[in-house]
Structures are given as C-alpha cells and as structure tokens.
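Take a look at these structures.
Paired with chain B in one complex and with chain C in the other, chain A is shared by the two complexes that follow.
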Partner chain A sequence: MAAVMPQLATPPAPSRLLLSGNEAVARAVWESGVRVAAAYPGTPATEIIESLARFPDLHTEWSVNEKVSMEVALGASMTGARAFCAMKHVGLNVASDCLMTMTITGAYGGLVIAVADDVGLSSSQNEQDSRFWGRFAHLPILEPADSQEAYEMTKYAFALSEQYETPVLLRLTTRICHVKALVSVGEREAHEPAGFIKNPQRWVMVPAHAKARIPGLFQREETLRGVSETSPLNVLEPGRDRRVGFVASGPAYMHVKEAFPDAPILKLGFSYPWPLEKMRALAAMCDKLLVVEETELLLETEIKAAGIACHGKDVLPRMGELSPQVLSPAVDRLLGKEPPPPAPAATPMKVFPRPPTLCASCPHMGIYYTLSQIKNIIVTGDIGCYTLGAGHPWNALDSTICMGATMGVALGIDKGRGEVDKNKRILAVIGDSTFMHMGMQGLLNITYNKGNITVLLLDNNTTGMTGGQATPASGRDIHGQEAPRVSLAKVVEALGVAVEHIRIVDPYELPVLFKTVREEIKHEGPSVIIAQRPCVLTDGFKPFRPYLVDEDKCTGCGNCLDVGCPAIHVTRRDKVIKPSGKEVELAFANIDNQACTGCGLCVQPCAPDAIQHVARHDIPIHIVKS
Partner chain B sequence: MNQDTITNILVCGIGGQGVMTATEILAEAAIAEGHDVKKTEVAGMAQRGGVVTSHLRFGRKVLSPQIEPGTVQVLLGFEGAEALRWSHYLRSDGIALVNNARLVPPVVELGLFDYPEDPAGQMRAAGRRVVSFDAMSIAHDLGEIRLGNTVMLGAIADYLPFAPDVLLACIVKRFARKGENVVDANRHAFAAGREAVAKQLGTAAA
Partner chain C sequence: MKSQAIIAGIGGQGVLFTARVFTEMARLKNLRVSGSQTFGMSQRGGSVMTHMKIGEFDSPLVGEGDADLLFALDCMEAHRNLPYLRSQQNGSGALCVVNAPDQTAFPDPRVAGLLDEMGVIVHACDAAAVALRMNHPMVTNLVLLGFGASREHFPFTYDEVREAIEALSGPAQLAVNLAALEQGRALCSNSGSPLSVIAS
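Let's look at the complex of A and B:
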C-alpha cells in the first residue's frame, strides 16, 4: 500500500509540463472544478485517479468497482456538482448497467466518464472498442490524440456535458494514457453546485418516467450530431496528395500524419455522433478513402451504410495497435503497389520469451506451489497478479475470465460435472481486491446454492497488479489515511460460510497450507481459506534475512525451481543415469541474495536441506519442516 | 518520415530495473533543450520481471509516439538479452549501449528456453555497433548499486544531440533534495558511465 501521498504543488498558470495522458486528464478534471472523482484501479487508466488524489479541494476515492464509481459520479452530478469517473474498457462493461440508464436521466452537474481501451492487450483479458458503448448509450464521445488534447478535451467535455445535460465519454487508449508529452496547463476554476432539485420524473427511472424521457434522448443525439458536424475537434486537413484520404481518431491520427504527411485527413476528436457531411466532403476530394480505426470497424460500417465507398479492415488488421509501419504496406496495397519487403536488419532476433513473473517472496507462490502438488483438482482463477499461477512452473489455474468469475465458474463446474469429473475437487482462487470488487456476490451464490467449492482468498492487503492501491480491507483510503477496515473473515461468514470452514493461513507456512487445503477440499460444502501476507511491493511487507544454497549439499534435484521464485538461479546442469537405467537431469541452484527477501518458501521442498540463512543467528521466521 | 529531424531513443530492460525513470530524465533533458518530446512505454501485466521498453522521441514536432523498427539512433539496453531482443529497432548507423547484466528469468532456469551465450557478440555479428559495459559493477565499485541507472545515463550522454551537461543537470536537479552527498555520488556515477563507454571504444579502436 502506498504511503501517504504528497500533495502536488499547484504549478503557476500557464505552464508547460511533461504529462502522461492520464496525468493530463487528471489535471483538467481538477481545473474544471470537479468535486467528486471515483474509480477502481485498472490498466491503463489507474493513474488518472491516482494523480487526482494528490490535488486539493475535491473528493477522490477508490470505489469497490467501476459500477459503483459511476453511480457515485452520477449522484454528485445530481447535486449540480461536476463529477468524474475513470475505468478501463472492461470496467465499463461492469458499469454498463448504470450507463444505459444514466443516459436517460442525463447529467445535471458536468459528468465525464474516461474509459481507457487496452489496445494490444498489454494487461487485460480481452481487447474491446469502447466507442460501441457511446453509440449504444447514445452518448457523445471525445477522442484525444495526445496529452495536450486529452487535457483540452476533458475541459471541453464538462462544458459539453452541462450544455446538453449529457454524460460524456472520453475515450482513451494505452497510447494516450501512457504517453508523456508536453502540456500547457491552467488553473482551477471554481464551480459551485447549483443544488439538488427534487425531480422524480427525471431521477426515478420507473417505466413511465423512462418512457417519457427516451424521445428526449434521441433528440439530444440529433442535436449533438449537428454539434459534431461543426465541431472544431473534427478537422478536415485537405492535404496535397489526394490519392488516399484518411479518417482517423486518437493515436491512429498521429500514425497517419507521421506516415502520410501530405494526405487529406479527417481528424475526428468528436467521434460520436460522427460528422457525416465532413466525411462526404473528404470522400469527394480523394480517389480512395481509408478509415483507420483502433480496433473495430465501427466508422467504416457506418460510412458504407451512408453510401460512401471506403476501405478499412479489408487492408488493416482488426486487432492490436496500429503504427506507421502497419499503415504503409496497407496503403501500398490499396494503391496497387507491392509493399517493399522488410529489410533483413529489421527482422527481430530470436530471444527467449520473458513473461512477467511473481516477485521474489510473493505470497502467491506458496499457494501455487501447493496447488501444483495436489492432483485431481480443478482450479478456477481470476484477475490479478495471481493470474500468473496459470504459467510456469505451476500451471495451476484452469480458467480466468473476468473480475469475480472464479466463483460462478467454479459453481457451474460443480453443478455441471458428470461421472467423469465426479471425484475431482474444485477450488476457486481470488484476490482480496477482486473479491470485494465482484467476488462477494459469487461466494454468496455458492453458499446459497450449496456449492461444493473451496475458495482460496489471497489476501495481500492491496490491489497488487495495478501498483498497490488501498482497498476497504487494507484500512487505508486513497490518500494513505486511515479508513475503516473491513474484516474479510467476517464478510465471508456473513455470506454464509460456516465458521469452522473459514480458515486463516500464512501462505509462507507450506506444511500448514498443504494440510489446510487437503482438509477443506475433503469437506462437502463451501469453505474459504484466507491466505494472509502483504504484497512484497507494499509498505506492509517487511523482508527477512535472505537465504543461500550450500553448494556442498545441493544434489541438483531442482525441487526449489518448482516454487517459481525469480531469485533462484541454476548454476550448473548435469545428467545422471539412475540404477534403474533412467536418465535424470540435474539442476544445481543458487539464490541471488540481493533479490531474496527470506520468505523461506524454497526451504520446504529442498530435499537435502541445502538452503540456509545467510547468517546463522536470528532466524526471523518460523519455518515448519515436516 | 522525419528520420533526420527526430531523435529516436529506445531504452529497454526488465520491470523493476528503472527503465522508465531513466527515460523520464532523458526526456527532461530534451525538454530543457527546447525540443518537443513524446515518451511511451510498453510494460505488461504484473509488477515485475517482464519485458519493458520505453520509447523516447524528440525534435521540432513529434507526431506518433511509437518508434518504428530500423529507426533508432541510440539503443540503451539495461540487460544483454533485452538489448538483443530490440536490436532490430536500430538504424544501420545507430549504436547500442548495453549493460552486460544477465538477468535470467524462471522460464530459462526451468530449462524451457536458452539464454543467448553472448548477446552483445550476436549483435556485433549482425553488423551492429555495440558498446557493452558492466554498469552494475561500476555502481558497486562506487559503493551503491542504486547508482547503476546514473551510470547508464552517463553512458548515453555523449550520444545525444546536446551537451552531456544538459543531462547531468537534470540528474542533479532530481537528486538535489536528497543532499550534497547523493548529488556528488550521482555526478561520479555519471562520469564513470561516460568513461566506461569511451574506454570501450578506445579498446575497440586499438
């Protein structure tokens, strides 16, 4: 968990700062006089609220999930306050229930939703084009192409929201969120809420009220179509080389401009509703029209539907990030030219893959080492650092879908299995933050529907994968200040798990963990094993004395490698023929004691007792040897 | 493309090594020189251990933040195999400055993949200009392993389109509030990085 966050000094206006897209959005939110900003952490959007938390004079919070964060923002907007929420693309799926009705109530105080698409799946379970949400919900979408635009469009979004009483979607992608560029910033403007006005026809969405408001929704969309058509955010750059004209938004615009500086481009900043007449004007001035979109063919389909001939995903990839390198050969093909073959020197060298690893001493290693040693089990997983349990050496997870899915999927496997899986035991793994995000309902569903599942609740006291944010169970708020601390054990009990089957263990104590898992998977009915150890990257983690390998004792069995710790290295490999005639590979290990923090997880599986403390005295942790 | 007006620097390494911070300081130096700057990262899920690259582009006006393969003037590699992995990003006249640290991931220790014998040698064999040095030993000799990043910045200092002192000033500014001793240690580390590269080139020329 982060230490108490220092407050940002307010830079004088106007000044130029090197800001990521996320930081630029945060700055603009603050300058816009926003009173409430909420989010659940999610790559690549996390740093928006993280930066906002360092500004004075507004309420920022980590909400327990994205839907709640959107509802909090809506509530603030109802009072006339300017409000903001931020989320990654899959977060908007979670919040979509709120979104689809919020579009009918509309906003009162300016209400902006930043949604960040992880194009290229750097840290997500899927790739999604959130522009569809805007279209689906009939909401305006703004798409910045760099940090300066992210700053300016965020400020404009609040004005737009208030003028047309509509929530506004600010669509970002990884290459906006995580690109740093120079931004000219200003100062905070005061924005006092007008006050909540009782208006059930507007805010109480019963069928009669909603029915009465829906025509207004379509009317608003038509009005916004006109705004988009004349918006200075939609710029038609005429260019000189009229062979191919481009329609592009966001980072795709920068790639087009870089690769084809002389071509006509319609740069869309106000991308929904789209400016159809400007598209017609572009089509009329060039031989061919290419729609460059990350990632889906949303505009392309609509442009074709309007009777304008265009190209798009027939020559461009439907997934992943675009770049000048991707665009150039596609345009060559469009012009009937054979693209030049890539230079041999530009071909990547063959190098081993380097997937992310769990950290040295990560408490999750104890869990996955244990699961990798138990046979005849099915283990459902969830979203977090602990998803890495699906990888080497543990190969311990059988599913990962979305936030909280572990519970429902486990119950479905339990209820759906036939004779062939009858004797298997089912475990569901979930982290503390994910549990509070969307796992609690799934556990309630397991107890209510009498599931035979053992849940492993990995409590590392933080939201680890996004950088160690506070949670309701960490006892800290977004500023690092003390907050009410929820007891996970009590929550689990309240959700219907019998007290005797709520077990709290230390994931570093492998024998106890093994024994507990074996006992609970035998139990017919739901059980929860809460494994408690702080994430090693948070302040709560205190390192122990590191270990080393006694080279004289190491037999090369390689058992320690099965723990999966990145601090364990192989110094020498050998092959021996056993008396049985079987050839066995040996791997002699050592421990990088710069990286080792002494958790002792590798001590347990070491057959010849070759792993010892760097110094013999003052052993800080009680390692139980079986 | 703006190959001659835009400087492309690719910094690569492993999560937790300080790649992003080093690139941030390089970006600050470019800004101090009046350049337009864009800096972008690709870092995968989880906190540690994975591949990290940081793209830095600066010049009169930078559009796309991403560097294309074959267009990098300077590749600053925090780890041998990672420098090799990204070496195809180098322009034919580009140079790779590589810390010859060898950080071996669990998938290699488990015997699933091999770590290249001599990454810098492999790059040279492919016709790349490579200067390799041991930034961590240099930092260790200076008494503080954490100075490794400043050694790396020293290494690149003579390969920038502005004076090394511009970069040094940014480093000094960053550590100023930590006191004179820390600043001095970083000055030494910066000088040691510059010297390590100069010495290597001297050896190569001899």
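Let's look at the complex of A and C:
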C-alpha cells in the first residue's frame, strides 16, 4: 500500500480514478500547479505528457528532444514556476549535459524530472538503471511502487524540490508506467511564479560561479541524506520471519512483498541519498540481507562498502524484470534449500514467434524493398519503426545504435573504410522525428566533413513508434492545433546539401524511388532523398481500395512477399524443376483485404500482373468467409 | 474475491480495451485491481498481453501456473500463454476463453489432453466471425467477453460486464458494443462440453 507522504497533507480525496502510473504522475503534476511540462515521446514514458496535454491551465509541449525539454523546464523554474519534464531512460542520456549543470544551479520553482526505465527492453535499444543519475548528479530520487504512490510522490517531489531548491528525479519503470490501478486524487492548487530574479552567480555557470556553488551542492546532498534517513517514504517493515531481510524499491518491493509477506523489508521510496542507518537496522534484525534491485547492483555495492554483509546479484539476475517467481528460488538458494519443483504447467508445443512488423501499407516498406534489391551497399539505421527494416524479409539495415547515430556512423564508415570496402555505397536511413531530435547535427557533420553518403530521410509526418505524436514538420502541436510547419527540404538545404541532390520521392512509387536511389548513390558527396508519405496510423493517411490476388494468374514467384507487407500471406508452396534443371521454390500468395489499404506496393513487383483491385461488390463476400 | 488473469492477443485486437473492461468491472465492485501491460513495439502486430490481478495482491505480475483465467483473442496467443494457467492441483480448474476460428482451440491432442489433465476448462468460439458478420470486426473482443461472461467460473457476471461496457463506451459505440456482448451470450446458450467449440 502507498506510504504516508510527509509535508503535504493531501486533502480528502474527492474521487478515485483508474490510472496508469503515467496518468497518475500527469494528474499529480497538474494538481501541483505546474505551468510548464515538456517531453519527447519515448516508451514507457510517452503517456505522461500525452495525458497532461488534456489538462487546462498549463503549457505542455513535445520538445524536439529530451535535452531541450529539460532546458525548457529549467527555464520555467528560473521564473519561480513549477516545471516538469519526462523521458525514457535513454532520453536522460541525451539530457544529461543539462542535468549535470542544472544540479549546480538548483531549482527555483519546483522542478521534477520523471525518468522511466524500460526494464526488460520491451521497446528500447538497451537497458539502463537511471538511479545512477541521482548519485552522479547528487540529486534526490523518489521511486514509487504503484500508481497511488506515483501520484503522491510526484506531489511530494515538487514540495521537496522547492524546500531544498533542488531538481528531483522521479524514477519509474515499465511496471509503474503501464500498470493501471485505482488512485485517489485531489484538485489543482495554483502556484503563481514568484518572478525571475537576476542572479548571474546562480544562473550563469562560468567556472568561477560554478566553483562557488559546488560546496553548496554537497551540503544539499548531506542535508537530503538526513531527510532520507527519517523520511516516511523509507519504511522498515519488521516482519516475523527474520531469516532473510530485503531492501527493495519500486515494483521490486511489490514482488518481495507478495513472495515474502512475513519478511522484514526496507522499502525505499526516497532512494537517493539512501538511508544507511535504516539499512544497518535492518541488517541487525535478520540473519541474511538480500538487496533486490532492478536492474543494477547500485545499493548492493554501497551497502557492502559500508561494511554491511549482504547478498544481491550473486543470487538474482543481472538484467531483466524481477517477479515473485524469480525471487522465490533465489531466496531458497540463499537459505541452502533446493527450490521446489514448479507446479505442473501446460508447456505449449512450438509456437511461432510474433515479432513486431511494419503495418500494411507502411511507406517504409517501399524504402526497404528498394534497398533489399540493391547490392554492394552499407546502410546505417536509426531508432523508430523503421528499425524493423533490419528484419525479415528486407535485412536492409547494418547498424542501429541510438537517436541520430545513423549520420555519424555512416560518416565514420565512409572515412574509415579501406580497400576492401571502397566500392561500396553508404546510405544512412533516418525518420523525420529522429532527424529533428538528433539527426540534423549529424547531417551538418557529413556536409562539413565532405562525406560521401546518401541519406534517406523517411518523412511519415509523425513520431510513429510511440503512437503517432506531432512533430515540428507535421504542422500540428501536442493539442492537435495548427503549428508552424518546418520544411525538411529547406532544413536539409540549410545544413549544406546541394539543392540538386535533395530529392523528394513518394516511397509508394517504386520505379522512381529505385532510380533516384541509384542516381544519388553514384554521386560523390552528400545527398538526401526525402521519402514523403504519411504514417498509416495518422489522420493524414487515406486508404485506397484493397487488392486481392487473381489465383489463376499467380505463378508463385513470391516477388510480392519481398515487399514484406503483413497483409500478404502464402496460400500454398510448391517446387518446380526449370528446363535448366534448377529447382525453384514457389509460394502462391493472397492478400487479406481486411488489412490491405491499397497502397499498391506489392502490385509493382508482381510479374504476372496477378494483383488486382477488389471489385466493390466482392468486398463483403470475401470478408464473410467463415 | 482474488483472481488472476492473462489477457492475450495481437496488437490492434483490443487487448488493452479488454483489460480496461476488467479493471472497470473490478472498480465497480470496489475491488483492488491492477492491470499491467507491455506495449510499445507490440502495437505493430506483435504479441500483446496484460497481467490482471483482482483483489489483494501486491506484485502486478501473474506468475506461471498462477492464472485463474486466460482470455485470448487469438488462438496462437492462447497457446503461447498456456504456461500461465493454474493446474487443478492448486485449487479448482482454471478457465481458458479463446477466440478460435477452427473446430477446436488447441488442435494438437497432446495439448488438449494436458489441459484436460490440469482440469482447465476451455471455452472457444469464433468471435471474430460473429463480429465480422455484424460488420464490426473491431468488437471481436466484446463478443468473446459476452461469451465468456455467460459461462461458469468466469470471474464476473454478464451483467457486470455490461455495466462496465456502459460506463466505458462513448455514445457512438455503445449500441454496437452492447450488441456484440449480446451476440457473444447468444453463442453460449447452445453450450457444449469442455474442449468443444461453439459453432457460430
């Protein structure tokens, strides 16, 4: 259950709402009187700002990247306004430059940074433990364990931030962000900004000013250590079964509580600075101490350094999500017991995996189909739906690292390649939103350093992977209202690409696309091909009449399957021996016209012209096939 | 009441909305509830599943061998999530409600046999075909809900499902949603034995 919050007397709850952790944070941000909230979309944090955008009386925005969102929040805090920004774990890497100096200036208006770790990599390129940022930047961390706590700790975070003039990190994980539960909520309190006060010693971080403030930073950390030591957010539950005591925070606490309801647990809600004396008290009352952390061994190391014997990652996994089922056998091993055999469960026979795919009619398929047909190329990729181009059937991407990395990596390959790669052509693929997030600098670097690279800028007019958020090039703001629309072609030109090598193509028109790519990869120097088509999940997408396969005409060549559209399926496989004696595999295909939106990508490679529009009167007959 | 359920399907089938209905039903009964979802890349036609825990639980995750109910909008996803189902050794048999286009949800006799041994009761119907016939393929999940809720051992009654749908549906969708529930219930009236499919 949610712990009692200090300092803030929550008024009697007027209502209970069913909220995800993200929605609970958003509600609390709004209630706390925040005036500015900014973020760049990123799983699992996206819905925080999406929910906030529906509340009145505050400015919410999609910033172009996480660093900018943090700077916006800091600026608002400088005026005395309460401010908030949210990001996924890798977003904080981007924003860390701001963070590491912002900790020296401190906050004026309450300033809270929510950072959501994608534990288990459901939709990320890596796994990270954001608690390290608290220690690194000497900032307090609050870690809720459920939606109610997410709501309450967010409200407390603003009070804490203002009391100690410190930014506060609110550390979330997927099992907070995406778990829905009932939350008691309150009403919005107004917080009128006190006003900006000119104070260069505080806000102008030249060496002399920063040096003068750093001792205060350490002093603040020490004060917060004391606050943490007595904070009711750090609860020592004595328990009855003293064989193993646990230290846990966030969802890990919930797993411990469910698996070992009678054990002593130190539940950390105020997890940095950590309450060392409470840890000592726990260690003194139990035979063994187990530190349960998602995901790194941060506390374990510190507890050991303090001379307290404990266990942790010696019995628990180093990566991925924990659960009661992961904990139980680990504790058994710690107690020298054989874990009991698991209860009989239905082991499924082989089930085919169902990985994420590009949508039917996704314009990216035109790009990857084209790239898969071109030999002797190296293609660097980036973060977004279009990362799926690395998979079957295209196998068209050769690298994916982090937001915007495609440009730098491509230039590095260009400059670093030796004789063996000299005849290869280098392409860099990037989406429109990623380009504006962190790709523009990479392109500037390519033009400035005379890279011989063709950039494919996939402009689907949205941030697709996170659910279709607006971008500066979509002409809409976070509320769906009209916003200035930046021209990607003009940006590219301004970044130094020659006008004649900025080509705009329709990714549905395969012959033109193919010809354009062939022309531009022959050009010695930077070129950018902008492929424009709206994402099929956005309002801008208009479906056409669906197609089906005339099975009498289908020769089983399988060309249409190379497009990679999930609406196309194989109905029959066969083998034939050609007159040359060569054995050829045939795959006869048809199209699910429920899923097909008539983009026509598969029509173009179909040799026997077997893919045809569904006649209107055929549609209902074909649908009701059961 | 304490109940653990896995809701499974493919991105776009309405797994998240179905989970929303379960949480709403729990809310209306004043029960503690948590519904834990994994999404992100899964919306691109990938496997999607929700862990539902209703009653006094702490961890939001359902363990393997712990689920009282597997509610699957797709046969293959039902198959994939079978390890979550509880065996009757841990109480009465668990329930598996599944949208199945073919004659049986688990055509492999070894799987059917194992489920039988575990005391798992399987209720399958071709909810997708019913929804298509209604010209609203999007309501497959609600047809299956109406079907499941009219069977024994489902954690909620049909009326509780209907009340939740009424609370959650916009005015434009309400009629269709309720009709879908009703169609699902109608499938149920000519009920068969465990492991059988209600022909649509």
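Everything below uses one rule, namely that the second predicted complex is superposed on the first by the 596 of 626 C-alpha atoms of A that agree within 3 Å, B and C clash if a C-alpha of one lies under 4 Å from a C-alpha of the other, contacts with A are read in each partner's own complex, and residues count from 1 in each chain.
The criterion applied here is as follows: a contact is a pair of C-beta atoms (placed from the backbone, for glycine too) under 8 Å apart; a residue touches a chain by one contact, two chains touch by 3 or more.
Bear in mind that the values here come from a model prediction, so they are computed numbers and not experimental data.
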Quiz item: Once chain A from each complex is brought into register, does chain C clash with chain B or fit beside it?
Solution: clash
Exercise. Please indicate which partner A:P356 is in contact with in the superposed arrangement: first for chain B, second for chain C, both, or neither.
Key: both
Exercise. Name the contact category of A:G467: first (chain B only), second (chain C only), both, or neither.
Key: both
Quiz item: In the superposed arrangement, does A:P324 touch chain B (first), chain C (second), both or neither?
Solution: both
Quiz item: Once the shared chain is lined up, is A:A587 touching chain B (first), chain C (second), both, or neither of them?
Solution: first
Quiz item: Does chain B (first) or chain C (second) touch A:I577, or do both, or does neither?
Solution: neither
Quiz item: Of the two partner chains, chain B (first) and chain C (second), which one does A:A181 touch, if any: first, second, both, or neither?
Solution: both
Quiz item: Just chain B (first), just chain C (second), both, or neither: which does A:E258 touch?
Solution: both
Exercise. Please identify the positions on chain A that touch both chain B and chain C, taking each partner from its own complex.
Key: 18, 43, 122-123, 146, 175, 178-182, 251, 254-255, 257-259, 321, 323-325, 342-343, 345-349, 351-352, 354-359, 385, 388, 465, 467, 566, 594
Quiz item: Tell me, which parts of chain C touch chain A in their complex?
Solution: 10-11, 19-20, 23-24, 27, 32-47, 57-61, 63-65, 76-77, 79-80, 82-87, 89-90, 101, 108, 110-111, 114-115, 118, 120, 126, 128-129, 132-133, 137, 200
Self-check item: Residue ranges of chain A touching chain C (in the complex, touch as defined)
Solution: 16, 18, 43-44, 118, 122-123, 146-147, 174-175, 178-182, 251, 254-255, 257-259, 321, 323-325, 342-349, 351-352, 354-359, 385, 388, 465-467, 566, 594, 623-624, 626
Practice problem: Over in the complex, which chain A residues touch chain B? Could you list them? | Solution: 18, 43, 120, 122-123, 146, 175, 178-182, 251, 254-255, 257-259, 321, 323-325, 342-343, 345-349, 351-359, 385, 387-388, 392-393, 464-465, 467-468, 537, 561, 564-566, 568-570, 573, 585, 587, 589, 594
Quiz prompt | For the chain B and chain A complex, residues of the former touching the latter | solution = 1-2, 14-15, 24, 27-28, 31, 36-51, 62-66, 68-70, 81-82, 84-85, 87-88, 90, 92, 104-116, 122-123, 126-127, 145
